């Protein structure tokens, strides 16, 4: 089966091409093309995954480009990590395709939508199967393209245009880091192959400083893609895209690619404490930071988006703290429950046609399936015991603690509290109380939308059991087969679980008190600490600062340069031309029509010649 | 046939010129079709040439050599005869550029169908220019090179000056003066070389400078001499390329010239500068090139950032693309300055890739201009709605230009930077800022056109018709083909590249 | 001081004075007349230089022919004596400086010029010698000169003569 | 035999040449300009004749040269005057200053 | 000298000159005898035939070696052959041009014009084929006098009068200056034969008067520079070219200029080749920078002021100053390529410049104005004429595939051959680029502007021939320059130039 694994990414690509070419004719039917062409890779991914479980690794490559003596290859590689990713990606992608069939119903550009989804799925699958850094980078950019296209799907909305542009450019800033890191690695190692790189790291061919530098540069790429501080601002804006897209790209897969990248390059990171610390600190700070913003947002998707940023920060924290498995584990569980949350949110939006949580309320009764599913997702992400998020978050906290990063540990604890709080703030505001919106009829979404949610709901509950200290550490065993992945130990102090559970329950309870019971005033914070609350509400003004400093700065700089270009560079040229013309004018003025002037000029010229010659020839001396 | 294949190829557009000359000037359709067929003939011949070419060998192939002129110089004791030959030949690099030329010429000819009036003279100039371009890449003698080089100048002057937009004459004159200056410097350089060595053949010159000996020289000319010649070459080709601050003419040309002409100009003519720098600058003076490589790298980065920064605030899409060309030519310089396989290969890739991409972009701008009568970004918005195909190709071209993997732009950018990071990492790191800026200005321009709300008066725009699809799709296909499988191009130029780089000591 | 010397100085003085007067004068006729003196004294100088034939030719052509046609030229044209006053001072200054500089440079160069004296009796059979040389060695330039004179003749006639059509116009 | 050195003749010629030149370049009357040119040619003749006697290779050649010069000068004067007449007929002036229709 | 000795000379070698002389004489007589009202146009054909015969005669003599008559007062050598060829071709073309000069129809002096053209040609030919100072001088004056008259021949035209007067005054001054210089050269050597002078100047005793010698050289050079219209004696040219009838302008700018170069090279080079300079170096090397500066100044002044011209004749007058500056370069730097460079450039210049003036004559005759705007929209009216004009202008600007380019290439080669004169080549290049402005302005007028006048420009036979010959020659010399160069190398052995006849 493995030798046919290359077909997995090609199916969605085929979908993309077919839909581009035939989309006009297929119209609504294009959804089926997209669904079937992701269903097949899903099945194949499972086969590959279980094949891999059986111990079968696979790698195939062909020459792609020759640079001097270096041959750059293109191919696929199947190892534990990426076969797991394959499953996650193709599964979520399939479910989102399915969901989109219902969600996008009636949109006239459905073929384009599914084509883009196909392109994205292709790129994401290609990314996870890449055997070398260059290929990874290429797909890395292509998933960015898919994201860009899908964010800008509602092209006529200026906000969507802005958001797409912003997403592309901000991730590109990170990509440049990855680009440089990749190139530096190439010159250190002479190859882009992961295996070669790891070999070089293991054999100490690279200096420690170089390892740190390249690792951090690669991490910069991950920062951009995964919306970590300080390149996180695009991700909330990316919510301008259709909700299924948010679920697929901006929750489950692409944004997790940053985590995947760090995980893939883990041997490199592991070789440098400084790099790991950077990863951990960025992750931890992002986790708390984004969570705090999530506390005050009013847009249902934005809350989820900040939650995503925060959760990705968790994963980074895990990886940076040596919790390789914890990170990947959380990536997996997060993929499911966050996709679930997004799809549920989509279902809500589908029903009430607004994203403002102030205009929702009491929907639990009306949306009989969406409500419980959202609750499951919210509980999972909050770390409610025995749901998937509980296990994975637990392991992250454990890993952090074990690594000795106590500051980060407590930050993570607080973030966990925030997470529980804002998730349930969301839940209570949307699903309980009175309906505050304008919509008259609120219907539950069709089956084609709820089915994927149900699947994800099940996974959100159960996914945690693949790696628990109680039932078995299947996942760590599995990932451990890859010879390079270091293992997180399982000797976590039990009190960590307890604290984490308590914290999340406290968060839920607080949310209940404020938003359900109303026993605590909602605007307590904004009354008592108005400045702090407005800072948080405005996302710490980071967008504004960026706009004022970077965007304006670049624009002003550019404008200044263009003025220099226009007036100085061109001015010099024009000046030279003007000088020539001035000289010409002068010359033609001398030509005054007086015949004797002509003779005089000739004669004076002659005398000058004689004089100069005489003087320089030493005639008078 | 092989003995004169290149001559036939180079002069094949003349056939159509002759036919055109005897076609009545009011027969619009036949004139256009003759013009198009006139460009197809060299394409076919170029493909035949490619088939005859042995990509494994680094030698100059399909050589033709005829004695042409000889000067006899009275020297102190004896007369020295200095011959100039008519010499054609191709290596991997020039072959690729010939192919590029013939392809872009065909597509530009298709794009020229929208030209307003005077088709007869338009196509005559167009084809004469193609002769010049093909000749530039096919000649193996500096004298011949110069003749063809200048031969591109005059038709271009006419094409800009007669068929351009509002300030066409000013643009034509600045084109002429700047390029005239460049070619004048070139002429001096060539004459100096000729007088010093007694030959103008590429191979012999490279040999003389490498090993000394033959020709009029008793010894190899001194270091200062070589360096100043190299700098003069840099200056001459710097005008063509263009290198900041010699770029202002190019902006005017890009803005004022008719789109198909800009396709040719941006797609091929600018590349002559790069070709010259590689073939002569690096080919003849490797050691000196190494000495000034750092400055070239700086120049490249300056070009890259300068163009990119200014492109960000341009309001005219043509100007955005013009500055983008400046910026992208910086990548060529960056690649060359790297002086290693990756860098030089990247530069060559960038030459080809930018040729295709800018041709495509300008073709699309032409399409838009033809439909809307303006090129100001403000006047565009939301064209996806009415022109989905054109918008799609435009977005794709923009993405290719900003170096999206899977398209040719990425490969060249990657290799150029890959090269420079090995030798001059700090400069290269500064240069990577350009990658971000490129994304910024390209997306700004492309999305301003395609995305956003569609204004009411643009409701009736017609999408690409069949005739317009051909250039758009062919170019896009080539861009993607190179991007997906770059070794296709890499293999063709590999042996040439090796022989160039052997001058640097491997 | 020999008589030759005295003669030379007188002649030179007259020649230079004639020239200076010509420059200085404001009346055109005076100018021409003053130059006659110069031309005549130059003829005298020629005699001092044992070039009798040249001296005669000088008298005939310069003092005679050329001066006379110049006088005719003056008579036939209208003159405005005031025009002499409207001379651009800057040019006079430039030309004057140039002339002085030229004079100084050349003067220094020729001041000490001397060659070994060789005794050639040029005055003996002067005309005959000239004739022999002219008609043998210099026959080609001589003939060429005849064409030159013919050209000048035809040209002068063509240019200076009043056209019939013009005359008719005047009569009308 | 000679008591007069060569330079005195040459200096005389030089002085006359300078006077002629000055006249030709500053006088306003076209006729005077022409006649000044004749004076310059005369100065040349003095040179030639002087060299023919005192030169390094004395002989009759210098005198012959001067004869040619005289002839040419005469022809030139005639042509110059004829041109002046033609001009005068159209312009009614012999002031050199006013002959500036063609300029710049 | 006995009659026998005179007879013994090979007088037949003078056949071209004699044919021209005969033709001129017959012309003047015919003009006199013809009825007043009869058209003189066809005398041009006769004159043309005369030139053609002379050309044939010259071709028949091509194989002869050096032949000297009467102590080199007539010297037939490769140099004279090569340049007489140019004069004859140029004059022939100009005669054809004059044949169609409609503007001259009203003048009854056409007969004289043809006659004067031939005598001017004769003067030029004598300048090429003599090695005697006196003959050279008389030849020069014959050319000058004839030119003065020709310039003023259109005597009811004020511009023509003024041009002629300016020409004659400046010419007179230049003659005086030239002669003044020559008189010192004669004085320092006592010879008029150039080779004898060369010999005498090689004598070390000359060192006593080294400065005077250099001054004499410079004075003569400046005097002669009048004929080629270079700095400092260039200012007359625009006015005269502007005012003179177009065929005369063409003659002045081509044949007369070429003759100026011929006498310059012949006289100054032969005499001073062995002369010592002030310092250790030979004289010619010492004055080299000065000549080079003058050449450079000519290029700069000519090209710069041409930028401001609205009158097409005047513009090409300034252009010809610049061109003369270019041609002066090989002479100024005394390169080993001097003869072929100068000869080839003059040949190219002959065709392109006569071609330009042919078309100017055609176009301005139609519009009645010599303003550059009379070329506006010429391409629409008469595309072929516009194309021809473009070729000429491109050639003058030195673009490849035209004769002008090869000529310029040769000049560059010579500028950079002996003692690399980079700065001179640099000035040449820079001013060439400046010249694009005005050359292309003409092209721009023809191609980019809309026509101010309607109607095709009709081409009369003579001008058609001239244009055709010029275009073909310009292109052939540009594409296949070896035809001319090989002819030059095979026919003309210029090693004999510096050595006296044995």
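The first chain written gets the first letter, and so on, giving A, B, C, D and E; residue counts start at 1 in each chain.
Rule of thumb we're sticking to: a residue touches a chain if its C-beta (ideal position, glycine included) is under 8 Å from a C-beta of that chain, and two chains touch if they have at least 3 such contacts.
This structure is a prediction, so every number in the text was calculated from the model and none was measured.
S.K.: What clusters of chains are still held together by touching when chain B is ignored?
M.R.: one piece
S.K.: Give the chains in contact with both chain A and chain D, ordered by label.
M.R.: C, E
S.K.: By the contact definition above, name the pair with the higher C-beta contact count: A-C or D-E.
M.R.: If we tally the contacting C-beta pairs, D-E comes out ahead.
S.K.: Report the chain ID whose CA centroid sits closest to the centroid of the full protein CA set.
M.R.: Of all chains shown, the one whose C-alpha centroid lies nearest the global centroid is B.
S.K.: Which chain maximises the distance between its CA centroid and that of chain A?
M.R.: C
S.K.: Counting only Cα atoms for the centres, state how far chain D is from chain E in Å.
M.R.: Inter-chain centre distance comes to 26 Å.
S.K.: Taking the mean of the C-alpha atoms as each chain's centre, how many Å separate chain A from chain E?
M.R.: 78
S.K.: Just the number, please: Cα centre separation of chain A and chain B in whole Å.
M.R.: That pair's centroid distance is 37 Å.
S.K.: Just curious, how far off is chain D from chain C if you go by their C-alpha centres, in Å?
M.R.: Measuring from centre to centre gives 5 Å for this pair.
S.K.: Counting only residues that touch at least 2 other chains, which ones in chain E make the list?
M.R.: Chain E, residues with two or more chain partners: 134, 137-138, 141, 145, 148-149, 152, 155-156, 164-166, 169, 173, 177, 187, 211, 215, 238-239, 308-309.
S.K.: By the touch rule stated above, which residues of chain C touch at least two different other chains?
M.R.: Residue numbers touching two or more other chains: 91, 95, 99, 102, 105-106, 110, 113, 138, 141, 145, 148, 151-152, 155, 158-159, 166.
S.K.: Residues touching two or more other chains, restricted to chain A: which are they?
M.R.: If we look for residues of chain A contacting two or more partner chains, we find 588, 591, 593, 595-597, 599-600, 603-604, 606, 610, 614, 619.
S.K.: What are all the chain pairs that meet the touch criterion?
M.R.: A-B, A-C, A-D, A-E, B-E, C-D, C-E, D-E
S.K.: Sort out for me which residues of chain C touch chain A in the complex.
M.R.: 91, 94-95, 98-99, 101-102, 105, 108
S.K.: If we count contacts the way the header does, which residues on chain A are in touch with chain D in the complex?
M.R.: So the residues of chain A touching chain D come out as 588-589, 591-596, 599-600, 603.
S.K.: Sort out for me which residues of chain D touch chain C in the complex.
M.R.: 1-12, 14-16, 18-23, 25-29, 31-32, 34-36, 38-39, 42, 45-46, 49-50, 52-61, 63-64, 66-68, 70-79, 81-86, 88-89, 92-95, 97
S.K.: Contact residues on chain E for chain A in the complex?
M.R.: 165-166, 169-170, 173-174, 177, 211, 214-215, 218-219, 222, 226, 231-233, 235-236, 238-239, 278-279, 286-287, 290, 294, 301, 304-309, 434
S.K.: Please give the residue numbers of chain E that touch chain B in the complex, ascending.
M.R.: 336-337, 340, 379, 383, 394, 399-401, 405-406, 408-410, 412-413, 416-417, 420, 422, 425-426, 429-430, 432-433, 436-437, 440, 443-444, 447-448, 481-482, 485, 489, 495
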